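First subunit A sits with subunit B, and in the next complex the same chain sits with subunit C.
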Partner chain A sequence: MNPVTTNLLEIRDLSVVFRTSRGDVEAVRSASLSVAAGATVALVGQSGSGKSTLTSALNRLLAGNGRVTQGSVTFAGTDLLALSERQMSGIRGRQIGLVPQDPMSNLNPLLSVGRQISEVFTIHRVAGRTEARRRAIELLDMVGIPDAARRYGQYPHELSGGMRQRVLIAIGLACRPRLLIADEPTSALDVTVQKKILDELSSLTASMGTAVIMVTHDLALAAERADHVVVMNRGAIVESGPAAEVLKSPQDEYTRRLIAAAPSLTTKSLVSGPTEKDSAPLVEAAALTRDYPTRSGILGRAGTFRAVDKVSFRIPRGRTVGIVGESGSGKSTTARMILRLEDASAGDIYFRKDDVTRLSGRKLKSFRRQVQPVFQNPYAALDSRQTIGEAIREPLDVHEVGTPAQRGERVTLLLEQVALDPSYASRYPHELSGGQRQRVAIARALALEPELVVLDEAVSALDVLVQAQILELLVDLQARLGLSYLFISHDLAVVRMICHQIHVMKSGQVVESGTPEQIFENPQHEYTKTLLAAIPTGRP
Partner chain B sequence: MLRYTLKRLAIMPLLLWGIVTIAFFLSHSISSNPLASIVGTRNLGNADVVAAATQRWGLDKSLLQQYFIYIGNLLHGDLGTSFRTKEPVASDLSSRLPATLELALFALIIAVVLGIVLGVVAARNNGRLLDGALRTVALVGSSTPVFWVALLLLFVFYARLGIAAGPGRLSSRVDPPPHFTGMYTVDSLLVGNFPLFSDALSHLILPSIVMALPLLGTVIRMVRAQVLEEQSSDFVRTARAKGMTPSQVTNRHVVKNAITPVITVVGISVGMLIMGAVMVETIFTWNGIGTYAVEASRSLDFPAITGVCLVGGVIFLVSNLVTDIAYAIIDPRVRL
Partner chain C sequence: MSTDSTIAAGSPPGTRRASRLRPFLRPQIIGGSVVVLLWLLVIVLAGVLAPHDPMAASGPRLQAPSGAHWLGTDTLGRDVFSRMLYGARQSIPLAVLTLVISVVVGSLVGAIAGYFGGILDALVMRLADIVMAFPSILLAMAVTAALGPGLWHAFIAIVIVWWPIYARLMRGQVLSLKEREHVTAARAIGLGPWKTLFKHIVPHSLTPVIVSATIDLGTVIIMIASLSFLGLGALPPSPEWGAMITEGASNFYQWWIATGPGVAMVSIVLAVNFLGDGLRDVLDVKTRTR
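After this line comes the complex of A and B, so read on.
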């Protein structure tokens, strides 16, 4: 066999079926795909499009209820589907590496990260214990973890998300595999970290001659990093070709919609008009500060960690104010203080004329009516034992709004407002998709006719097409109901689309404020420039 | 961790004082006279005897006075004298407690070791016949009354088949080993008397199995459920992608994660195991603390009752502390 002329991986007509309680579901439909040795192929599609299933099938790690119904997977001349489980174990990790998606859940919490890397060597018997340890430390160093020898003995919870993802990359590349499957390797990370890690990943795989299948929902990222882009929709491959070509002139209808919906720094803003200076602000936060007590050392000497440091901003009526920043910048803590879910250590928050930090009793309850939150995770934000109707109705019951019959009517109206059929009222959250659940969360937030809605990463977990729908819905509701939004996000492109005013936060402080045009076209602060530069643009 | 342990140990006397106080007043709140058990029913009519006994045992003093005398003695390590045995409660307890501890320790080892092994085996065979059989055993184990199982096992293995030793801690005409720990298996090994060891061990087997059964059932079911849950977690898939075989993944990644919640349950059960030993001890004529507690409360033997409560409190507190420490050793995320 000559690897120069033959593809490293050849998938032909592969179909995968999952057995579910509602009958068989075909997750992958006659997909064909080839990867040349050393090449990088991006597999793009929304969640549920079958891209992860396809890679699981080729690695033979499908969930218990899934099976391959037709097709073949040929890797370096070997038919992987015909191998025994034991033979396949010899290939996994040694010739086909995997970098999984979520760095938080993919490491065993009870074993040191070093052990989790070195065991790749010991199970394949390529090195003894001491040698495996030495190599693991070398790998930690290679993936950019400083002080590798000390980090070797640390546990996953002692490392940041970015560090953990680097550990997972080290595991995937430990045996210098010929193929690496990187399943959304950076989607859980901040943009600046994402850029660094992807740069490292590319240079490592290039130096090892490793081919990469990169699974991602981010088209721009795919175009920037891959030679070849493969687009999947509903289990089928709808388009494939050289990266630049697919992005520039997509042939398939679905690809076109995907490209159109993806927010980028060139996307047009959904809102119009600058902030009206004359109207009195609905919310005014002044020198907002939040300290957390910390304990360190054996004596447990108390110190403080300042999560939010003298942050000031105003939210005018009927406008959207965005706070952007990376994880740990203090943006969510700020949101929680505005919601009075957390008390400020210092500073004032005025809602109309009331000092929010001093509200109690009836006044606090009335404040809670007027300010409603929508959180990030649409899966965790709804009680799985409550129907959709009950979830939306609950705030009405708590605040005893109208008669029971009126509340029922209101639920129907709210569902219609967020473009859901009233019949959804009797369904349970697990019957809904992520986007539909986020609509429910928004409907619930609107139930009490609030004046301010605090959206903390409310669209971050959604696919681009759904995200675009929700953003349009938010803008539409703002125009019709005169709502004000505090929009918290790490995604600058999204913030640009929806906000009138933007504040950039770093380490608890607002480093730059301005209109979207000012921030994006003429960033002043160094950090803002770094953030903007790190966003994938689709240009390799 | 040292800091935490010392802190917990330091607070223990306070908790024990609370336990003793509650036990003292609660047992004295029963409107019945302990004199019957002190002087015997026949002497209750004899005013001189009764008066002498009342004064001798301090029953003429007010309850509060009695309490302060008791606490004062307790501080010197004196648990009082049993109304019934007329022996110091401390020496009664030290002769009875090791028997129960030995039994409970064996029961615990059986429940934990066997429970984890069988739980993992059941999970690995999820949905197959073996899994079903083990789950049935677990269910029967934790739902069958102890006295019934005890009698059944005695009948089958001792009376019928004759392959297990009968009631008692040793065979008749066998002398116990010299007293070091009070646990016959340990003491016999310490003096190197192996025939005695095997006799003590053979007498331990049936009662400790009976005692272990309810906990064994719980452990099997918990481990099985935890293993199944952990098997679908992300890091298990990552481990598979490294090239590990399913059994390698189970042994190196799943089991350790699966047993952490079991530690808590076992820790809480230790106290219950020891304090609930009375049924097993009665059937197997095991002269332990369970039977002692029952006899003491039947005869309103106040010093003995309070003494048993004190020992129970120590056992609960220590086993909870050990549980916390074990948890912290296994799970690096827990910092004490």
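After this line comes the complex of A and C, so read on.
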């Protein structure tokens, strides 16, 4: 029935349906896709677009309630959907490798990483035990893990996130498969690590002649790494073509919106540059330091770990100050100290010239009125048992602002301010999308009319289109209400769009500070340069 | 399974309540609830349902079951069936009360220890460890022996050995919940520690406690009966299941004396166990089987 093809993988009209308690949900709608031998295809889309479902369907790893309702998957001339489970097991891992998304949960914590790699050889009977061990060490070396023979015996918890992701890549590539499916292989990692790993992945697959399907939400990354880009929206493939072409002249409306919304280093800043230079700052942090006690060894000798080391900065009124850095750089700890959720070990915080570093009791409560947070995870930051209205009203109740009737009016006003319909007040968080919840979190933060809002990775968990809307909302609110923001993020492109002043943090210290222009056009510190070089530009 | 049936997407709002109840409609839960409801009826209507006075002789002693005495008579000629029905009035409400007090005390202690930590936490949880290091029935016996026999003393004894279970459970829940972002968010708006604890943490941690308490109800019914069986709980003339079984044990060949209360106890314990297991399967995601 199928014409003779030269493609390694041919997906024709594939539809996948999930059975749920709310009825059948079509996750993939007649998707067609082909992958040539040795080529790299990027599958791009927002969360819920069906990109991961598509790859699990072709690997026959759909969840129990999912089934393929139509279409065919032809891999190297065989119809994968017609194979028995046993035959499929012979193909998985051996001919189709998989690199799963989350390096933290996809390794067995009770087996050494080496064993988990050599297991692939023994399962497919391509090598005996000693031979498997030798080849596993070789692989660890190939994916760039130094001192591979020693690492072989280590357990997942002894390895960093980047190392673990390398181990997963080694497992995926162990049998030199003809196709590798990489599902968001680097989205849990820092940009500098991401770059290294993707470089290694592409040179390895090139040398083995392995074709790659890379699933990602990052369009720039896809364009930079893939020959061919396939864009998915709501289960359907809306656009596909050579990477450069899709990015340069997108045909589909959705792709165009996606490209427009994706922040990159060339996106225009949303805010105007700094004007008044030396008016009294709203917040001044002076040599802020935070130590955590640590214990090591059997005797538990106490030591200290310095998470934040003498960090100083100022936040002028009505301005946005950004702190960027990778995970573990101390940027969130700094934010928590400014919020007084964590106490500084040393140093001072001045708020409108008052020292607030050691406030407690009633004075702390009135300080909290002035400084409000918005957190990263819009799913966790709201109490699931409170309605949206109750959540927004709660700060007003705590501080007894106005009469109860006035508080109710204020909730309506706040919802309107963040562009949500007042009828949302009676809904529960689980009825809202991620972007809507983040709007609620912002409304709640604004309820007490604070002067400073601390945004800790407030847009990082959102899809690009939603992220762009929230950023615009933040800039708009700043202009209207004269808010000051402390904006914590790992995403330099976003920080560039919204900040007036940027501080780059590494290992607890601020290594470079300046305006976005200074930092991005003329970085001084070596680390800033590495960070900038690691950002996917969208140019192959 | 009944939970597998699907309903059409976008069903009208009226069916929403029904779909929320649907997971609870499993044979374990329905069967368990029916038996529990029957016993509740018995507790309320014991006076109407019982054919004879449970405290007075109503016929010759040690009579085998007959039309007049469905479960025979005991050593004093009292009707065993009537005594069994009245016995439900003692065992079940007392067991529920014991559990409620244990859950309230244990959860409060656990929540406070978990949230505030420090010395208080260390002291309270070590005390809980000590109590839990003893076999619970032995410790309860020792406490009742010290206080003197009596149903209320048995109650106190069981609360003493039982609260640590819920304290531990609650503490674990609170420890993991207090790091959640919505709790941090509550602190950041200036909510005090007590309000944060009772408004944003405790309501989220009640589910496992309630499930655990339901499963424990059967055990507590048995413990109360055991203490009575040993002569430490209910005192002789009162119709308590454990005490009635003691009487049956000393009149071994009159099998009916112990059979009535024994079967009654098995039925209620089994019913609450089914109910508890069913609730756990529905509410507790971690142990969900499918």
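In the analysis below, the second predicted complex is superposed on the first by the 533 of 540 C-alpha atoms of A that agree within 3 Å, B and C clash if a C-alpha of one lies under 4 Å from a C-alpha of the other, contacts with A are read in each partner's own complex, and residues count from 1 in each chain.
The rule is short, and it goes like this: a residue touches a chain if its C-beta (ideal position, glycine included) is under 8 Å from a C-beta of that chain, and two chains touch if they have at least 3 such contacts.
The shown structure was predicted, so the numbers you read here are calculated from the model rather than taken from an experiment.
A.B. asks: Could you tell me if A:G93 is touching subunit B, subunit C, both of them or neither one (first, second, both, neither)?
C.D. replies: first
A.B. asks: Using the touch definition from the top, say if A:N377 reaches subunit B (first), subunit C (second), both or neither.
C.D. replies: second
A.B. asks: Which partner does A:A287 contact after superposing on A: first (subunit B), second (subunit C), both, neither?
C.D. replies: The answer is neither, since A:A287 touches no partner chain.
A.B. asks: So in the superposed three-chain picture, is A:A149 touching just subunit B, just subunit C, both, or none of them (first/second/both/neither)?
C.D. replies: neither
A.B. asks: If you stack the two complexes on chain A, which partner ends up touching A:R369: first (subunit B), second (subunit C), both, or neither?
C.D. replies: second
A.B. asks: Between subunit B (first) and subunit C (second), which, if any, makes contact with A:A82: first, second, both or neither?
C.D. replies: After superposing on A, A:A82 lies clear of both subunit B and subunit C.
A.B. asks: Give one of first, second, both or neither to describe whether A:D102 is in contact with subunit B, with subunit C, with both, or with none.
C.D. replies: Once the two structures are laid over each other on A, A:D102 reaches subunit B alone.
A.B. asks: Once the complexes are superposed, what residues of subunit A are shared between the subunit B interface and the subunit C interface?
C.D. replies: Common to the two interfaces on subunit A: nothing.
A.B. asks: Under the touch definition given earlier, write down the residues of subunit A that touch subunit B in their complex.
C.D. replies: 59, 61, 63, 85-86, 89-94, 97-98, 100, 102, 105-111, 119-120, 123-124, 155, 157-158, 168, 171-172, 174, 298, 300
A.B. asks: Contact residues on subunit C for subunit A in the complex?
C.D. replies: 6-11, 19, 22, 180-182, 184-191, 195, 200, 203-204
A.B. asks: Quick one: in the complex, what on subunit B touches subunit A?
C.D. replies: 3, 232-235, 237-246, 248, 252-253, 256-257, 260, 330-333
A.B. asks: Note which residues of subunit A are touching subunit C in the complex, please.
C.D. replies: Answer in residue numbers: 19-25, 339, 341, 364-366, 368-369, 371-373, 375-377, 380-385, 394-395, 398-399, 441, 444, 447-448.
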